[in-house]
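Per-chain residue numbering starts at 1, and chain names A, B, C and D are given in the order in which the chains are listed.
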Amino acid sequence: MSDKNWQGITRRDFVIKGTVATAGLAAASVLVPAQFAIGAQAKVKVGILLPYTGTYAKLGTNIRDAMMLRFAEDGNMLGGRPIEFVDIDSEAKPAKAQQLTNKLIKKENVDFLVGPVHSVVGMAMVKTARGDGPITVIPNAGANQLTGVLCAPNIFRTSFSSYQMGYPGGPAMVEDGHKRVVLMYWNYGFGKQVAAAFKESFLPAGGTIVKEIPTPFPKVDFQAYLTELAALKPDAVYTFYAGGGAVKFVKDFAAAGLKDSIKLYGAGFLTEGLGAAQGDAAEGVRTILHYADTLDNPANQRFRKAFKKTTGTNADVYAVQGYDAGELILRGMNAVKGDTGARAEMIHAMETAEIDSPRGKLRFSKSHNPIHDVYLREVVKGENRVVRVAAKAQDDPAEGCSM
Amino acid sequence: MELSFYLVQLLNAVQYGFLLFLVASGLTLLFGIMGIINLAHGSFYMLGSYLAYWLTGVTGNLWLGILLGLPITLMVGYLVERFAISFLYKRDHLYQVLLTFALILIFNELQQILWGSDVHSVAIPSLLAGSFQLTENQSYPVYRLFISAACIAIACGMYWVIQKTRLGMTIRAGASNREMVQALGINVNRLFAFVFSLGVALAGFAGMLAAPVDSVYPGMGENVLIISFVVVVIGGTGSIKGAFVGAMLIGLVSTFGKVLVPEMASVMVYALMAVILLWRPQGLFGRAA
Amino acid sequence: MADAILQIDRVSKSFGGLIATNNITIEFERGQIHAIIGPNGAGKTTLINLLSGDLLPNDGTILFNGRDITHLPPHKISQLGIGRSYQKTNIFAEFTCFENCWVAAQSRINTSMRFFRPASNLKAVEKRTEKALELCGLSLRRDSRASAMSYGEQRQLEIGMMLATEPELLLLDEPLAGMGSEESLQVIELLRRLAEDHTLILIEHDMDAVFSIADQLTVMVNGRILETGTVGQIRSSQAVQEAYLGVDEETA
Amino acid sequence: MSTLTRSLPLLAALLALVLFPLFGSSFYVGLVTRIIIIAIFAMSLDLLIGYTGLVSFGHAAFFGIGGYALAIAFQDASVIHLWQALPLSLFAAALAALVVGWVSIRTSGIYFIMITLALSQMFFYYFFESPRYGGDDGIFLFLKPVLMVGSEDILNLDHENNFYYFALSCLVLGYLFLVMILQAPFGKVIKAIKVNEHRVRALGYSTNGYKLVSFVIAGTLAGLAGFLEGAHTGYINPAYMSWHESGVCIAIVILGGVGTLYGPIVGAFIIVLLQNFLPEFTEHWQLLLGGIVIAVVLFLPRGATSLLPRIRSLIRMEKSISLSQEEKAKGDADG
């Protein structure tokens, strides 16, 4: 592994060399403490590539703030070394992703890479970083490929894969008694993967897809599709929309008077962090996600309080993913006591980490994708309340990963 | 699908067309009268939406919000015209494209600084919050009908102003022959500043009206911008009538395109534009160059 | 007429409700200077635009050397040997005099789509360009930017560009417009010289000039032809006196 | 001024570019490669805007198609032969430009701007929504093109420096090609079309044909840039075709100096470097970028390179204070 960091000699190298030195060359022993001192005091560079402008700006900010909160809780030290952040706005633009990743890797020589939010940016980023690049932690982007075809020892994800987002929805809806379902989603990579995973579990569970309506991404004129939905008269509709589209969809759905006759389900982003904007329209909407604000566990309560205190805003699932990204990096660095050269040991510590996350228990699969519980939630009085656990320890098949 | 389905879709199409018209009419005014390509038009639409969100929050009432917001959009329009656009009247379109492109960048950042990056929404005023039953399971919000009504009122108002008033005559004359208007001793600078502000206010007003049914989010202006350009070009630059017909055509094609050929829905609109321009290079109601 | 270079048969053109030329039939003889006169709005420029292909007639046919050119686009008509100059100066202002004529001269070779050879290597084009400059009297100004020249010189260049295309028939739309008397004399002299081996159709308001150089005259009023004849015939025509010349003298 | 002294700064700049990889780190070599690619793209647009008078607002479509042709044809290939891939990309871009050009050159002014925009949006949405070519996810390429004779590879673009010099050669050849056609009879005609199309037609030229050829040449060169970008990043997606990219490209052309060919190269340096380094100073860097663009439009409409003669004449003034006023003025005009 060619580690181009300034830290030319790794700790393991030095241990071996040190042994050789003590065995033979007395002079070498003079070098030992000096190098160790440099290794311990020099800053660890954490490169952050998240969107701070455009549609995903809020997500980027929350992820960064939560991760920094986690570091701050440990005195801003990683394995005994202070941290230096190199923070870049990804603008969620795929066209610039590789260039920016290169900047972090080649110019800034970062030890860790955290990002991004956008799946396509994620693919360009992972493609550049996998293999020899820095240890990379993905705090949101959900494309299956990131821990599938593109998986690599130095790539981790603390969020979810599209598969994990969609798959638990099928049985959950059947269990709720909805068998004739229309599938509506934004017709882009992420939306398609979530929809495909949903179908994969829904059909075997005895459900029928009345019609699949992919709508152009990122457009938000849903009126024509809602009219079509009304005419199809299904039991329920399963959707994938996020951000502005989710707000608009939920409101238009309610305004079209469809709430009484068709039950609205969706991947968690449909209602996540959008309570204020959606208002009453979201009441009763059921979504599936690996987190809920109201989760009743000590880690969550502690985290939400701390996040509110430092940032002044309420934590959401993105913040949790950022917080866990921070935790994962801490685990790795603490395991090797700050020696970034001990790559294999660090990766081992990270992939075997069991984290007591605000979302519940969090482990990692062989492909470095999270394994976590997924919850069925319902909006009650503007809050996403957990109805039940939709899937225990939901894993990802990591299709195409040969790790 | 039964007939009622298509009727409801027709209603959707017309309603969408009206909203498009409101945005595009401001654009075509600027095009036709001032010869200005204003890429920042979508940004003014976004400004309107954010103003509606902000002022409705402050005053607790959408109507008050619109009342306070309109003068702001007029003022923004006036300032932009005086400090940027007014230098470009005699220059190539190229520079207008570039300058207004830069304005988009600036307005996007300003939006970010002023209002952050959250998605917001604006409550429908209680007076219009109801809905009526359309089919056995679908109802239609009254507010959407109100938007259509408002658009019709504005269309009629614009028609009246342009066809019947002195100001309208000046505007029409200016559109066909700028030198002549100057020769008639009319202060073209003032006329242009006024028309530009009016165009901006129209875009802003459309954004305000749409805020309760659309959500308010970063980058919303650009979704509207390109489609408005398509409307204007189909209709023929400078023609209010053209903008109306173009908006309705786009409303129909995009609504029924979504239902009938979903996989090509986005392409259809642009294909329509290409076909119309092949047939009539100056647009449906544009004067030959 | 025995040798007609251009025959116009019942040509009409209207803009919306306005009839600009109404059912015009006329023939132009080879080798002559044929002037078209008439008050503003008589349809003279429209007629020239119809002949050059800038406008398409609603009705009628136009024959050039016996060939139907009614519906040909301007560039095809130009290629057949009809050159025109414009009433408003219509030159490439950013180009030098030489370049203006060069572009015109180059249009006569069929290798203009050539990419890999500097234009300056084309000897034939260069010769033609020099000749056109010499004819229109701008040889000494060849490297001046067109926009930097006097109005009169720009008018001369306008004619020079037309000449560089080596046309057989010249359509001249008010070549003397806006010129001082000195410049006018020069241009009139030039037209005389051109008439030696070209056919000229000329719109002009300067009656003295027209009467001094034209072989044939056509008077147009309200989109119609009032009278066609020699200078003497037109001078003595009662109808022309009433409808045009009389009026002209009053206003002049 | 003689041709030599005029092209001296260009030669100096070329020399600097040739020597750059000897000094620049891997990151900067990659960055300058990208600048070179964008420079080719912008230069091709300058042929339309600066010389033919066609303000195309959809030029990014051809850039994207150049990249997509490479990615679609070779995404599963075990080796990407340069001699197959490059002509394919150029051909695809040329074909697309022919179709778009054929439709749009009938219009002019605002309509031309808008129809090129609309047609490029069609391409954008086609690739964005069509599942066949990866939709908005785009297509990854895991290999770089190589030039092989037998089993010997002569040029492997996998090495950053090889790629750099390959891109630089493309830029230089592209520049020389454009200079050549602009001096040829063809160039004279399109320049005249820019000034006064109507007159050119009256002189006997079928102007649409010339405009179309110019459009296709520009589109093909943009396709070359797209090919390089796709090969360089190994990743192509619809965002390359978005109207934003077309807008930025126009900004680059004007910022550098429209109608100069070398101006857009300078513009590419300015914009790409600004995009790279402005974010380090402020989160709201687009505000600054927008401000800079507006300032250029208002105060420096002929671009950054128009400053060069002014600077030159300033230097000359210092050198020869004794020169008379007129001669100085003349020097300005000549510069």
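In this section, contacts are C-beta pairs under 8 Å (C-beta built on N, C-alpha and C of every residue); 3 or more make two chains touch, one makes a residue touch a chain.
Computed from a prediction, not measured in an experiment: that's the story for all the values here.
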{"item": "Any chain in contact with chain A as well as chain B", "value": "D"}
{"item": "Between the pairs B-D and A-D, the one where more C-beta pairs touch", "value": "B-D"}
{"item": "Chain nearest the overall Cα centroid", "value": "D"}
{"item": "Averaged-CA centre spacing for the pair chain C and chain B, given as whole angstrom", "value": "48"}
{"item": "Centroid spacing, where centroids are CA-atom means, of chain B and chain D in whole angstrom", "value": "33"}
{"item": "Averaged-CA centre spacing for the pair chain C and chain A, given as whole angstrom", "value": "75"}
{"item": "Cα-centroid distance, chain A relative to chain D, in whole angstrom", "value": "38"}
{"item": "Set of chain A residues in contact with two or more other chains", "value": "53, 216"}
{"item": "Junction residues of chain D - those touching two or more other chains", "value": "125, 128-129, 286"}
{"item": "Each pair of chains that touches, named by its two labels", "value": "A-B, A-D, B-D, C-D"}
{"item": "Of all residues in chain A, those that touch chain B in their complex", "value": "53-58, 61, 213-216, 218-221, 223-228, 230-231, 233, 243-244, 246-248, 251-252, 255-258, 260-262, 274, 276-279"}
{"item": "Parts of chain D lying in touch with chain C, wherever the complex brings them together", "value": "180-181, 183-189, 191-192, 195-196, 198-207, 209-210, 213"}
{"item": "Contact set on chain D toward chain A in their complex", "value": "25-28, 30-31, 34, 125, 128-129, 131, 134-138, 140, 233-235, 237, 239-240, 245, 275-276, 279, 283, 285-286"}
{"item": "Contact set on chain A toward chain D in their complex", "value": "52-53, 88-89, 93-96, 98-99, 102-103, 106-107, 119-120, 123-124, 127, 143, 187-189, 192, 216-217"}
{"item": "Touching residues on chain C, where the partner in the complex is chain D", "value": "52, 54, 73-76, 78-79, 84, 86, 90-95, 99, 102-104, 106-109, 111-120, 122, 125, 161, 165"}
